[in-house]
Amino acid sequence: MAGSGAKTFGILTAGGDCPGLNAAIRGVCRAAHDRYGMSVVGIADGYRGLIDGDCRILRPDDFSGILTRGGTILGTSREKPFKARAREETNDIGEDKVAAIKATYQKLKLDCLVVLGGNGTNTTGYLLSREGLNVLGLPKTIDNDIMGTDRTFGFHSALSIATEAIDRLHSTAQSHSRVMIIELMGHKAGWLALYAGVAGGGDIILIPEIPYDIKAIARHLEKRTASGRSFSIVAVAEGALSVEEAAMEKKERKKYRAEAGAPSVAYRLAREIEAETGLETRATVLGYTQRGGIPSASDRVLATSLGTAAANLLAKGDYGKMVALQGDRIGAVELSVPAGKVKTVPQDHYMIDTAMAVGTCMGV
Amino acid sequence: MAGSGAKTFGILTAGGDCPGLNAAIRGVCRAAHDRYGMSVVGIADGYRGLIDGDCRILRPDDFSGILTRGGTILGTSREKPFKARAREETNDIGEDKVAAIKATYQKLKLDCLVVLGGNGTNTTGYLLSREGLNVLGLPKTIDNDIMGTDRTFGFHSALSIATEAIDRLHSTAQSHSRVMIIELMGHKAGWLALYAGVAGGGDIILIPEIPYDIKAIARHLEKRTASGRSFSIVAVAEGALSVEEAAMEKKERKKYRAEAGAPSVAYRLAREIEAETGLETRATVLGYTQRGGIPSASDRVLATSLGTAAANLLAKGDYGKMVALQGDRIGAVELSVPAGKVKTVPQDHYMIDTAMAVGTCMGV
Amino acid sequence: MAGSGAKTFGILTAGGDCPGLNAAIRGVCRAAHDRYGMSVVGIADGYRGLIDGDCRILRPDDFSGILTRGGTILGTSREKPFKARAREETNDIGEDKVAAIKATYQKLKLDCLVVLGGNGTNTTGYLLSREGLNVLGLPKTIDNDIMGTDRTFGFHSALSIATEAIDRLHSTAQSHSRVMIIELMGHKAGWLALYAGVAGGGDIILIPEIPYDIKAIARHLEKRTASGRSFSIVAVAEGALSVEEAAMEKKERKKYRAEAGAPSVAYRLAREIEAETGLETRATVLGYTQRGGIPSASDRVLATSLGTAAANLLAKGDYGKMVALQGDRIGAVELSVPAGKVKTVPQDHYMIDTAMAVGTCMGV
Amino acid sequence: MAGSGAKTFGILTAGGDCPGLNAAIRGVCRAAHDRYGMSVVGIADGYRGLIDGDCRILRPDDFSGILTRGGTILGTSREKPFKARAREETNDIGEDKVAAIKATYQKLKLDCLVVLGGNGTNTTGYLLSREGLNVLGLPKTIDNDIMGTDRTFGFHSALSIATEAIDRLHSTAQSHSRVMIIELMGHKAGWLALYAGVAGGGDIILIPEIPYDIKAIARHLEKRTASGRSFSIVAVAEGALSVEEAAMEKKERKKYRAEAGAPSVAYRLAREIEAETGLETRATVLGYTQRGGIPSASDRVLATSLGTAAANLLAKGDYGKMVALQGDRIGAVELSVPAGKVKTVPQDHYMIDTAMAVGTCMGV
């Protein structure tokens, strides 16, 4: 499939979509194609396309004019081939999915596979590299929770959207003298809620890393009321939980939440706050709008830089890495660094101190 | 309270807050104060402030620099004094609330009361004018459902926010090949869902005025799938309902929805679509973010024009009216025009034809 | 070129590009193709494509997914064939340009020509209809200066952009205690400067319809300074002129401006203000950023409605019209209505009263 | 002026205003006042307020609710007291300005002076610290050109605005087949043009650090035309210059530019490109809109963190420093680090490689 001498690589996007994916695809492909003369195979819908052999050559027109577009031109899926292997699932022709991926990789005579995704995607990339494939990863997620990079692309776009939403809730909170809760994405890591909470001037910020004490929240709200502030804004990560929930077993917690009849933490919390304080409280779940649309300037720059850096590694044959932002430079780490991990907010992170220094309650 | 000769008026904002309230307050007050030398009494928290006598003189500094601010500097509440009268509720000092309002009006020696609000607020204004008070109304609501005006301020800001949200969902819908439902405000009138649906290129738009047939929706989605479009966007007003629900008594409907365990139409609809078509479907409820924040340019212009027009009527002593946008001019209608009514989308409105002409399914 | 029975029409965009053109193209084509089964011929670069025969069949994929895109997928030019005829210019093959247009129209067997543009474009459309062609026009321009329609698409997008720019200048004006001038588009009509000026809280608004008196401006600025406001915002249309310039012959005025060494009114005005008042003054010319980018929700809705209305006229064979927004409905006027005219701001327009009622100086 | 025991500090903002100043003021003051019980003296209009003694105690209400506001509540000026000393200028009462500053500092019994500004401001801060005052600096500028910090606040807001403007110009460039030039801020450092150029997909990016060769630019444009791309976007820093200009003495260059009759590089460049290539070219100078308005989420977070970090240093008595972003932490450097320097873009910076890797011409 490749030209004589020049390399051929496959590229895929996996996991939830996020702003900047197309900018990164453009970065990798332009640099690889124009600078190094490589051929590009676009793989549809994440690892599923590799399993099913759903691939096609990408020409310059395919990766031109996509810098500002949301989503991913390649499509995506949450297919996890190694989990399937563990469950002994096979594909249509009876093969193990990992074997199918390897077969496609061989058939297309790829020199490398470039994977754009979050923790799951890069973990799969790492496992495939251990199976003998050449793999390069790019760190994409609005959650900013990938080990080895200072920042992931997608995070800043989500931060902008979430902050704008908090700005809007301020109007209603103030006009109606209410407590307004906004639930932001982040199952295990609270980066988005923490940063958007600080950017939006949240009065209370709750993240998964710090289980909250409803009594501490109530005290903070009452202190605000006493000092004449008639409204409050609460930014809460979807994975935030109370100290009571934190003490529960997973099953027990699930049961507890089902009984509460509120799938989202924002609604449970609204009820708890009203019960504790008597203050009128409303919840908003920002949902999917957090990760769609035009990428922010900042994410376009980061995605483009990471993409071209990946092309440079490709050219050098320096495989098995994930490109990364490291301070004021673009570097790379072994794929084993992010594999199987989640970068949560350290308890001593400066942004927690920042939040508390301006009077924000972190739930304790 | 007023200066010799020049008039004094009270101003209040009632009902849900919405973008443009402060722009309208500024418009009324600047024109009344600077052009006509009137005195302004700001009333806190809607009609509640009149009942409780919670009022204060507003000086030019109070209504300067507020043009772009969301919410309302006066505060708001959902207090409905005539409903209270019907229920024989009294205020703290044992008075009927309407009587309390009239007493405050007399005590402040107001020449007129300017009320900014939606249908409820203008209805109360109308009833107060029948009790002998001079009242002027301004049409405010993101729902655009007030009789007598072509447009209400707040609507265009909400339209911008809702359209931007739909734009964002397109990315995820396309990347994941999903049906994405977005629920927008509008209990009785579907203006926002209809306009935002057209602006956002929605494939299906559901409004309260046209009960939907889930079979028609399923057919439309399947036709799209058959023609190679792997995703769809559904814009639904919160008050939209199925033909089955439309046929129910109010109580029966409430019970039906409670049993469905989904308070929001978006979630019920998502389940129905998945059940009918097997397509992966996700719901987003946009919520309070629709009506907060900086007013759009268009709403600032409309609110300012309506405000200054109200001041002109004030100066003329032309009371008992609601100012209104009428084609390419600012006019006024009797307060009886909006009172007790809701302007829903007529079945033959051109925007419904527009939506269907570009291939949008209106649920039937 | 057309199918048996069903109609075929050509579509072009001419004059300066503006937000909403693609939305309008989509509206016309979807409705004409899907609803009425018509064939569409896309004409490149305005009337130039008709002269040169640069045309191609548009398929559904061509006009899908373009609702939110700025610019025009058809390209545009400022070609004015009747002006060329007056100057006796011919095209490459020696023909008069109007004759060339007619020849292309015949050759393509068009039933109608749909033209999207401003005053020039619709005037040419009118002249072509007098030459025997079937023509339908759509009113597009950020200037909002077309007779026969309450609003043109493109205007609201430009209004949003211009207002946002004024909002930004407020920060610097206030922090540095300066007079900040912003020059907006509008050679003959001041709609954009007037509306953006009101929306942005401009202290002075200058439009071509009201020649300004620099002494009146200076007095207004000094009154502001005296009352403790240390900064001012001036919104000026590019075609605004002083009473002195208004009294000049065109040639004389040109010479005067050339000698002033300042091509833009904003820079001339800045110097005049500094000379008269001694206040530090800075000028910004917003330029092309006013008319590019994603159309506003409001413009998408209007453009789509006008487009589908044009398709409805096409189907009825009701030619020689320009579709138009008329109050709360979409109607149409004879092409002679806009032809050769410019809709300027009437001296008694309510928005001028609105501006003055909130204390804005209109330059006199 | 201070309470017993607790410290008192003065705070000022100097130089051009930029988004995030109020967020930073709030960060410093909240942390210093609420966490450490300090007293705050607000100094008006930069160093001028210290010279004139124009200062006042700031209360919590003064620095509340300002997080999202553009500009600076303290006002600013470009007063440079040490330059004045070099020119032997004195203030109204005949004093040397530096002596006046020291006198005010003593009179107010300040424990420290916190200065928010760019290179000039921090340089003055350094010189004052050498005169014996306790000084802490914060790095503010949209130019991102301060030594010792990875990023300055204001930069990301400007980057967003500039990128949005480039996005808009794409529409017109494409629709009219033109070369569109956009001039961005940056006299000595090209960070903004480089980042916005990459984010906006600029085809040519010109920065002061790399003098441009008009022949190289013409070749690049002609190559684009030859490959069927009919339009191009050029992002140019206001301080960019040609290799010819770079070789001139300062005086000679000034004369050369005056003769060209074009004060802005964008206009000179437009003429050069038209002369070299014959392509229709238009210039836009973005101007003051780049640095006003609501700060981006990213800048609010950075400004708040730097502000609270400064308060922490204040509490420790760790003076003579400028707080700084250093990779993934907030640190501080000696004020001598930024003093008298400008951080320009290094020739080997990864963003230059990124730009070239995606096919952007850097003017050589």
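Letters A, B, C and D mark the chains as written, and numbering starts fresh at 1 in each.
Following the convention adopted for this analysis, a contact is a pair of C-beta atoms (placed from the backbone, for glycine too) under 8 Å apart; a residue touches a chain by one contact, two chains touch by 3 or more.
All figures in this text were calculated on a predicted structure; none of them were measured in a lab.
Trainee: Would you mind naming the chains that touch chain B and likewise touch chain C?
Mentor: Chains that touch both chain B and chain C, as defined above, do not exist here.
Trainee: Please give the intersection of the contact partners of chain A with those of chain D.
Mentor: Chains that touch both chain A and chain D, as defined above, do not exist here.
Trainee: Centre to centre, by mean C-alpha position, how many angstrom separate chain A and chain B?
Mentor: From the centre of chain A to the centre of chain B is 36 Å.
Trainee: Can you work out the whole-Å distance between the CA centroids of chain A and chain C?
Mentor: Chain A and chain C have C-alpha centres separated by 42 Å.
Trainee: At which residue positions does chain D touch at least two other chains?
Mentor: Residues 164, 167.
Trainee: Once you've mapped the touching chain pairs, tell me: line, ring, star, complete or other?
Mentor: ring
Trainee: What chain-chain pairs meet the touch criterion?
Mentor: By the stated definition, chains touch in these pairs: A-B, A-D, B-C, C-D.
Trainee: Spell out the part of chain D that touches chain C in their complex, as residue ranges.
Mentor: Against chain C, chain D makes touches at 13, 16-17, 19, 21, 45, 69-72, 75-77, 161, 164-165, 167-172, 174-177, 180, 261, 282, 284-289, 291-293.
Trainee: Which positions of chain C touch chain B when the two form their complex?
Mentor: 26-27, 30-31, 34-35, 67-68, 150, 156, 159-160, 162-164, 167, 195-196, 198-201, 296-298, 300-301, 304-305, 308-309, 311-312, 326-330, 350-351, 353-354, 357-359
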